[in-house]
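Below is one structure; the comments refer to it alone.
Just so it is clear, A, B, C and D label the chains in written order, and each chain counts residues from 1 on its own.
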Amino acid sequence: MDRKPGVYLCEGCGIAEAVSVDDLEQVASGELKVPACKRHAAFCSEEGVALIAKDIESGEVNQPIIVACSPRVMTDRFTFPDAQVIRANLREQVIWTQPPGEEDTQALAADNLRMAVAQAKNSDPPVPHGEGGASRKLLVVGGGVSGLTAAREAARMGVEVILVEKGSALGGWARKWSRTIPHRPPYRDPQPNGIGDLIAAVEADPAVTVMTGALVTRTAGGPGDFTVTLSQGGKETSERVGAIVVATGWRGYDIARHEYLGYGTSPDIVTDIEFEELLANGGIKRKSDGAVPSNLAFIIPGDSERMPYSSGVSDRVAIKQALQVIEAVPDAMVYVIYEDLRAHGTAEEFYRQGQEAGIIFQKGRVKSVAADLTVTLDDDLLGQEVPLSGLDMVVLSTGMVPNSTNVDLSPAEEGADQLADDIDPAAPVKVARGNGEDEAEAAETSGNGAAENGAAEEGGEPALPGGPILNLQYRQGPHLPILAHGFADSHFICFPYETRRSGIYTCGPVRRAMTIADSQQDAQGAVLKAIQAMRAADASTALHPRVGDLSFPEFGLDICTKCRRCTVECPFGAIDEQDDGYPVLNATRCRRCGTCMGACPVRTISFKNYSAQMVADMIKAVEVPDEFEEKPRILVFACENDAYPALDMAGINRHRISPYIRIVPVRCLGSVTMLWISTALECGYDGVMLMGCKTGDDYQCHFVKGSGIAQERMAKVGETLKSLALEEERVQVEEVSIADSGRVAELLNSFAGKIDEIGLNPFKGF
Amino acid sequence: MSGADQKTPGGKTKFTYYPGCSSQGSGKHLDESLRAIAPKIGIELEELDDWNCCGASVGHIGGGVLPNTALTGRNLANAQKQGPQDVVTGCAACYLNTHAGNEKIKSDVKMRRRVNEALSAADLSYDEDLQVRHMCEVIVNDVGVEKIREQVTNPLTGLKVAGYVGCQTVRPFASTDGGGQYDTYEDPKFLDDFAEACGAEAVPFDPKTSCCGGSVSVMSPDRTLHLIKEILQAAKDAEADVISTPCPLCQTNVEMYQDAINKKFGTDFNIPVVFYSQLMAVAFGMDPHKDASLQRNTIRSKKMEDMGKK
Amino acid sequence: MSEGRPRSQTIAVIGAGIAGVTAAVEVAETGYDVVLLEKGPSLGGRVTRLNRYFPKLCHPTCGLEINYRRIKENPRLKVITMAEVQGVSGSRGNYSLTVKTRPRYVNANCTACGACSEVAETEVTDPFNYGLSRVKAAYLPHEHAFPMRFVVAPEVIGTPEAEKIKAACKYGAVDLDEVEETFELSAGAVIWATGWRPYDAAKIEVYGYKDCPDIINNVELERLANHDGPTGGRILRPSDGEPAKKVAFIQCAGSRDINHLPYCSMICCLASLKHAAYLREQYADAEVDIYYIDIRAHDKMSAFYDRIRNDPQVNFIKSKPGHIVAGEDGRPLVCGERTIEREIYRNPYDLVVLATGMVPSLGANFTAPADLEKDEYGFVLPSVADDGGQFSAGVASGPIDVALSTQSATAAALKAIQAVRAG
Amino acid sequence: MSVALPAEAERTYDLNFARWVYRNVNGGDKLSLCMQCGVCSGSCPIGTQMDYGPRKLFMMIRAGMKEEVLSSNTMWNCTSCYRCVVRCPRGVPVTYILQDLASKAVEFGYAKKEDNTRFSKAFWWSAKTFGRTDERLVTAKYYFSFGLVEGIRKGLGNLKIALGMIKAGRMHLGASHGVKDRKGLQAILKKAAEIEAREATES
C-alpha cells in the first residue's frame, strides 16, 4: 500500500500562541515535502475530525499525522478506519513544558513533527498473522474444585472442554471432605462443600470430556492452536485445544521438618489435613486407641515455619475444625494457639462463633510438643511459659504447597537442565550474551539483588521437585514460570491472571493459597481469560497488555546469525528454535513488546509499524545543532505505559523541562536496540536516557523483564562508550513510574545539567 | 451527635418520679431544683410511692445479683401501681441500676420469674412494660431544649459553665435504643446545650465524661484524687465560673474534695459545682434558694447567687 | 415487567473503580457490549487516590493506564460519568436501570486546555484530596483523570464567575445550562461494582479524629504521601506542616468492633504496613508504632509483613488503644495498655493515623433487587444462583483487597456474559 | 449464694473455672468473646492501680487461675465508669463482670480486707435495714469497720467535709429515713437470697 502522509497542524489549546504554526507548516511542506498539510483551530472538534476524515475518504491521505495533543487523549476521535494515525505530541510535551515563543520551543515542536513524519515513512498498517480457525476447545488440567468449576463455567459459555485429572476420581481434596469455611451470611457455621453436586454436574455435561487417570505428556503450539498429548492408561491421544486452564491444586507441607512440633512422635499428633479426613469420615477418634478425644489443641505455627502463603486459609480451617469438635463433643476443651489470628474479612464472624462456642484462643509461640502431647508455649497474654498438659490430641496446621510441578514424575529429561532456572522466582530476567555461547553459561540474572533474596537459592536445591505439568515444548523450558514459594501466580495486582505463558491460565491453590469458595471464583476468572485468548488467537490480535494489537514481529532470516538472543530473552517464551537453529515465532504467544527486536544484533526483527529502522530514522530526523550553537540534544526512550504518561502529566502540571530533550515512546524498554544508542551518538546527541519500569523482585514492567533486560544491555554500553572516549554518564537508565510526573522533570533537568558539565558530544558534526 | 437540636420533642408530660436516696442527703439540691423546674418545662413528677434504694453497684457486691434486682423489682412493682407512665430519675446511679434491672427483668424470662417470686413475699408483682428513664434524656427527647430557652427570663449571660457529664448519666445507655439514643458516650452535647439554652456560655471542656472515681472516691479518695484534680484543672483552664453536672455523686465528689486536692497537689481550686437544674431554676427567674437550692452547695457560686437576686 | 421487550445483550457495570473498570474491560474484550456507569467525573475510584499498592508498592495508575487504553480502543465499551443508578427493575436479560446524571457543566468539546481554570477565582474543597486541599472552581479532577475533561464546581453556577469561565473556553465546552437528568438504560445483566467509602473516623469519638488535626485516617495519609496530593507527597503534620517522624497507626479503627464495623476490613493491616514503608522511605529517622489486635497479613502478604517487621524502627504494639487525646503541647497522645507487657502507656506522636476500614457504598439501607443477596453489612454477595442476572464485584461484594477485587471482577464478567447468553 | 467454685485446677487452662464464670457470673456468658485487645484496661481511669486489669484477668480466668483471679485487686479498683463496657469491641459487659466477680470474691472469702468490701457491706446493711441508703450511717459504719481507733481517725479526716455537708443541709443528724413497708422489703430480700441459695444447690 502506498503511504500517503498528511500533516494536520492543530492550533488549539494554545499551540498557535506558543509556537509559530507557519514555521511548522514550512517544515512539513517545504523541508519534509509532505504533500498534504492542513491547519485547524481544533482538530478534535467535529469540524476538525471531518476535515481529516474527508481527506482519508477521498484517498488523498492514509497516514494522517496529527500534530496536536498527546496520543493518550482524543484517541477515540482520532481513530479512522482504513488509516494509520500518527500523533505528534505538541501540547503536553512541548507547549505545556516550555516557555512560549522561544526559539528552543519552536525547535522542539519542529523536531516532534519531523520525528512523526519519519515514523510515518517507516510505518505500515499491520496485517493479521493468521487467518482465523483457532480452536475453541479448552483443556482444564486438574479435577478438583477449581478444575471442575472451570470446566463447568466454560461449558456454560458454549466452550467444549477436556478435563484431565491425574487421579482415578474427580473431586480432589474436597471429595474426601465434607464441610468448608462459611462464605455466605451469616458467616457462622461450616457449610457443605457441595463437591458431590459439582462432580455430578460436570460428569453430566455433554460439553465436558472427563479423563481421569490421565496426564498431559506434551504441549506444543500456542493459543488457539495448542497440540496436547494426553496419556491415559498407557494410551496416548493428541488433541488440539485453544487455551489451557491449569488447576492442579496443592498438597500438604511436610510439617515433620520442624521437629519441635512433634509430628511423628505420637499417633495423636496429626496434621489439619489428616484431621479433616477424620471429620469427614464419621468421627473424631484418636489414632492410638480409637477413643474420642476431649482435650484438643490446634496449633497454627508461625509463617516462618511453614508455607507463608497458607495464612489465607489455615487459620480459618483451625477455627472450623475446632468448631466441629465442639459440635461433636460438647464438653471438649479445645484450644487454638496462634500468633496473629488471620480471620480476615467477614471471617471475623466465624472467629466470634468459635469463641462463643467455647474455643480458647491463645496467642503465643509453641516451643515444643512432647510425645505425651504436652504443648509448651510462650503465652503472650499471660506473659509466661505455659505447659498445656492433659491433651489427648494435637492438630498441626500445615501449609498448602502448590502443585506447580507433578511430584510423581522425575524431572523431565527434555529441558531438565532448565528446571531450576525456569521456575526460580529470583531469576525473572534471563539474558543471552551472544553468538554461539553455551546457554547455561549465557543465562544470568539481572543485577538487582533478586538472586540474593530468592527462596530457591537457599540450600542450593531446586525450588520444586518433580516433572512439568504441561511439559511445554517451548524453547524456554517445559514449566510454567512461578513466583515465590512455587506458586504459579501472577505478579500483577491489577491483572491477576497474567502468566508468562500466553493462553495458559492458572487458578485455585496452585496460584495462591485459597479456600474452596475463592477457588471457584478464581476458576471463573481464569475461564474468561482463556476464552479471550482463544478469541484473540482467532483474530490474530495480541493479549494483555497490548490487547487488540495486530502487529507482530517478523524475522528476516536471510541475515539471521542464529545467535538465539531473541529466543532466550522473549519474556513470554514465544519464540522457539527450529532444528536448524533459526528462530520461529509462535505469533499467538507473542505479546508484541519488541524485546526480540531490541535483542537482535543484526536488526532483522521488525514490526510493520515499529522497527529498528523506524526509530533510527526518527532519531536522525531531529535537527542536532552544531557544536558552535552550544545547545545539546538529549534523547529519551520512554516506556509508553508508564514513563510516557508521566512525561505527559509533567506537562499537565506545567513543570518546566529542558528544551533540549527529544522523547521517543517505546513499547517496552526491552525493545531498545543498541543501534538506536549508537545512531544517537553518531548523530551528535549529547546524552541518552532510557526510562523504564522498576525491576527486581517487585518488578513493575508489564512485559515482565523488558526493563531489566534494557538495564543489563546498557550496563555494557559503558565499556563501548569508554572505548570511544565518550563519558559513560552520557547513557543513563532510570526506573521511572507513572506516578513520577514531578520527578521526570527533575531527572531530565539534572541530566541536562550533567551533560552541560561533561560538555558536548565530541562527535557532533562528524 | 447531639439529639438536642435534631429531634422533635416526644411530648410526654407525666412521669413517676424516683428521687433516690441521695435526694435525702448529698443530692438534696438536685431533687429540690428538679421539682422546682418541672412545672416550668411542662412535666409533672409524681413521686414513686414508698420507693426504696436501687441497690446501686456496690449493693450488688454486698447483696448479690438477685436481691439487688429485687430492690429494683419492688420499685417497679410500686410504679406499676401508679400507672403506665415512664419512671424518671435524676440520679445517674439510680437510673443505671434501675434501668438495667428493668431491662433485665423484661428481657430475661427467668429473671422475671425469680424477681416476681421474691416480690410475692410482699404481695407485689411486676409484669408491665415500664420504661425507666433519665431526667436529662426526658428533657432532650420529650421536653426539647427549645422549651428551656422559652422559659428563660433571667438569662445567665456571662456565666461560664464547664459541662461535666460524668460517666453513668451517659454510659452505658445514652446511645442505646432503650436509653433513648439521646447523646454519645464520650462527647455528649446535651449538658452544654442546657447551659447555652439558659443563656450561659458553655466553655470547651475535654474531660466532660471523665471519671470522678465514683464510689471509690467515697471509700478511698487517695486512689482517685488525681482524677478529680484533672477535672478541676480543665475547668479552671477554661476559666469556668461553675462546673455543671447532672450526677449527684459527681457533684459531691468534685465539690467536697477540693480542699484535700489543694492540700495534696498544692493547688488552689475553689470552683462551685452545680446541677444543670440549678442553672435552669436561676435562669427561669426562680428563687435562688427555695427553688435553685444554691445554699446547699458547700462551695457557693457568688455569681449565680447574684444573678438569682435580680 | 416488560415481558414484550427484546432481550438485551448489553451488560451494565455500576461503578468505575478498579473492579468496575476491570469487569467492563473484560466483558468488552470478550466481545460483548458494556456500559460503564460512574458517579464521579472520572474513572478509577478509590485506587486512583492511593499512592501505591501493597505489597509491591507499585502505583495504581500504572494498571489503570493500561485499562484506560483498552477502554479508549474498544468500541464495545461505553463510559458514562456523573451517572448514578437510582434503581434497577426487571429480570435476567431484561433489566431497566434508572440512571440519574448530575451536571458537569463541561461537555465533550472539552480539550482539557485549562483556560477555564485560569480565569476561575473561587476555590472549592478538592474532593479528590478528601478535602485536605482546595482547587479552582473549574478544575481537572486530577492529573491522571480519565476522561481527561474538566469540571465546573456547582458552587459557582449562577455567578458572574461562571459566565467568565464559560467565556474563557474557546471550544464551547462549558455548558452552564446542564441540568440533572434521568434516563432508562436497558441491560441483560448488571454488575454492581459500587465499591466502598472509608468508615467515618469521627464516629469513633474516643480517637479524637475531629478534635486534633494531627489525627487523620488512612486514606488521607495516602493523599499526603502521593506526589499529586496536598503536600506534594511529603508526609507532614496537618497542624504545622512539620515532617511527621514519629507516627502511630491505630489498627481496627472501627473494624472488628460491634459498635462500628463488626467485620474485619482485611486491607487495613497491609495498608498500615505500606504506610510504614512510605514513612521509612521518606525519613531516615522516622519511628513508627503500629497498634494492633492481630496483624492480618493474608497469604503472600506475610512476606511483606516480615519485611516491615524486620525494620527496627517499626514497632508492633499489641494493643487496641483506649483513647487518643491532645496532650499539653497539642500533640496527640495515644493511651492504652500494652497487652503483652501489661503496661499502661500514654505515648505522644507527631501524627496518628487511624486505620479505618471499608464500608460498602451501597450501605445497609440499600434495598437489594430480588435476584441479589445482601448481607447485614451491606455487601452484595457474588451470585451463586444459576438464573440470576445481577452480580457483584470488588468491595461491593465483601471486604477484599485490589488483587481479589480484580479477580472477582473477572469472575463477575464471566457470570454476566453467561447471563446475557442465556437471555 | 452462688454455685460452689470448682475444685483447684490441676493444670493450666483447665476450663472448669472459666466455665463456672461463664455460667455463674453476671455478664460471664459474654466473657468468651474477649479477644484480648486491651481496650478495657487501656480505658480504665485507675487502671494503673490494678494488679492485672480486666483484660488480663479475663485471660487468667480462661487459664483457670481461680485463686489469683478471686484475690485480685482489679475489681476493687473499678470505679464503674462503664468506659470499658461502651468501648469493648466485642460487647463484653466488663464492669458488670468485675462487679459480680467482686461479689463472688466476697462470698467465697477472698476479699475480706478490701475497703470496698467494707463499704458495700455497710451500704447493703443500710439498704436492707431501712430500705434506703443513709449516707451518714453508711459512712460511719464503713469507717468503724476498720476498728474504733482507725474509724475515728478516718472520720476525723473528713470532719470538715461532714461539717460542710451538715451546714448545707445535705447530711442530717436525726433518725434515718426509710421505707414505710420495711417488713415487706425485708421479706423480698430474704426470699431473693433463698432463691439464689436454692438454685445454687440445685445446679
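Assume a residue touches a chain if its C-beta (ideal position, glycine included) is under 8 Å from a C-beta of that chain, and two chains touch if they have at least 3 such contacts.
This one's a predicted model, so the numbers in the text were calculated from it and none came from an experiment.
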item: Length of the shortest touching-chain route, chain B through to chain D; value: 1
item: Remotest chain, chain B as reference, centres from CA atoms; value: A
item: Chain pair with the higher count of C-beta pairs in contact (B-C, A-C); value: A-C
item: Centrality ranking, top chain (CA atoms only); value: C
item: Averaged-CA centre spacing for the pair chain C and chain A, given as whole angstrom; value: 25
item: Separation of mean Cα positions, chain B and chain A [Å, integer]; value: 66
item: Gap in Å, rounded to a whole number, between the CA centres of chain C and chain B; value: 44
item: Approximate Å spacing (C-alpha centroids) for the pair chain C, chain D; value: 49
item: Multi-chain contact residues (two or more partners), chain A; value: 363, 381, 383
item: Chain D residues counted as touching two or more neighbouring chains; value: 35-36, 55-56, 83, 86, 90
item: Touching two or more other chains - residues of chain B; value: 185-186
item: Interchain pairs in contact, sorted by label; value: A-C, A-D, B-C, B-D, C-D
item: Touch list for chain A against partner chain C, complex; value: 12-14, 41-42, 44-45, 69, 72-76, 79, 153, 156-158, 184-187, 303-304, 308-313, 338, 340-349, 363, 380-381, 383, 484-485, 487, 489, 491-497, 512-514, 518, 521-522, 524-525, 527-529, 531-532, 535, 544-545, 547-548, 641-642, 645, 649, 652-653, 693-694, 698, 700, 702, 737-743
item: Interface residues, chain D side, partner chain B - complex; value: 1-2, 26, 45-46, 49, 77-83, 85-86, 95, 99-100, 102-103, 106-107, 115-121, 123-128, 130-136, 139, 142, 160-161, 164-165, 167-172, 177, 179-181, 183-185, 187-193, 195-196
item: Interfacial residue positions of chain C with respect to chain A in the complex; value: 18, 22, 26, 29-31, 51-53, 55-67, 69-70, 72-74, 109, 111-113, 115, 140, 143-144, 148, 170-171, 226-228, 232-233, 255-256, 262-266, 294-300, 302-303, 306, 318, 339-342, 373, 375-377, 379, 381-382, 384, 398-400, 402-404, 406-408, 410-411, 413-415, 417-418, 421
item: Chain A residues within the chain D interface of the complex; value: 333, 335, 351-352, 355-356, 358, 360-363, 379, 381-383, 386-390
item: Chain D residues touching chain A - in the complex, by the definition given at the top; value: 10-15, 18-19, 32-36, 55-56, 59-60, 62-63, 90
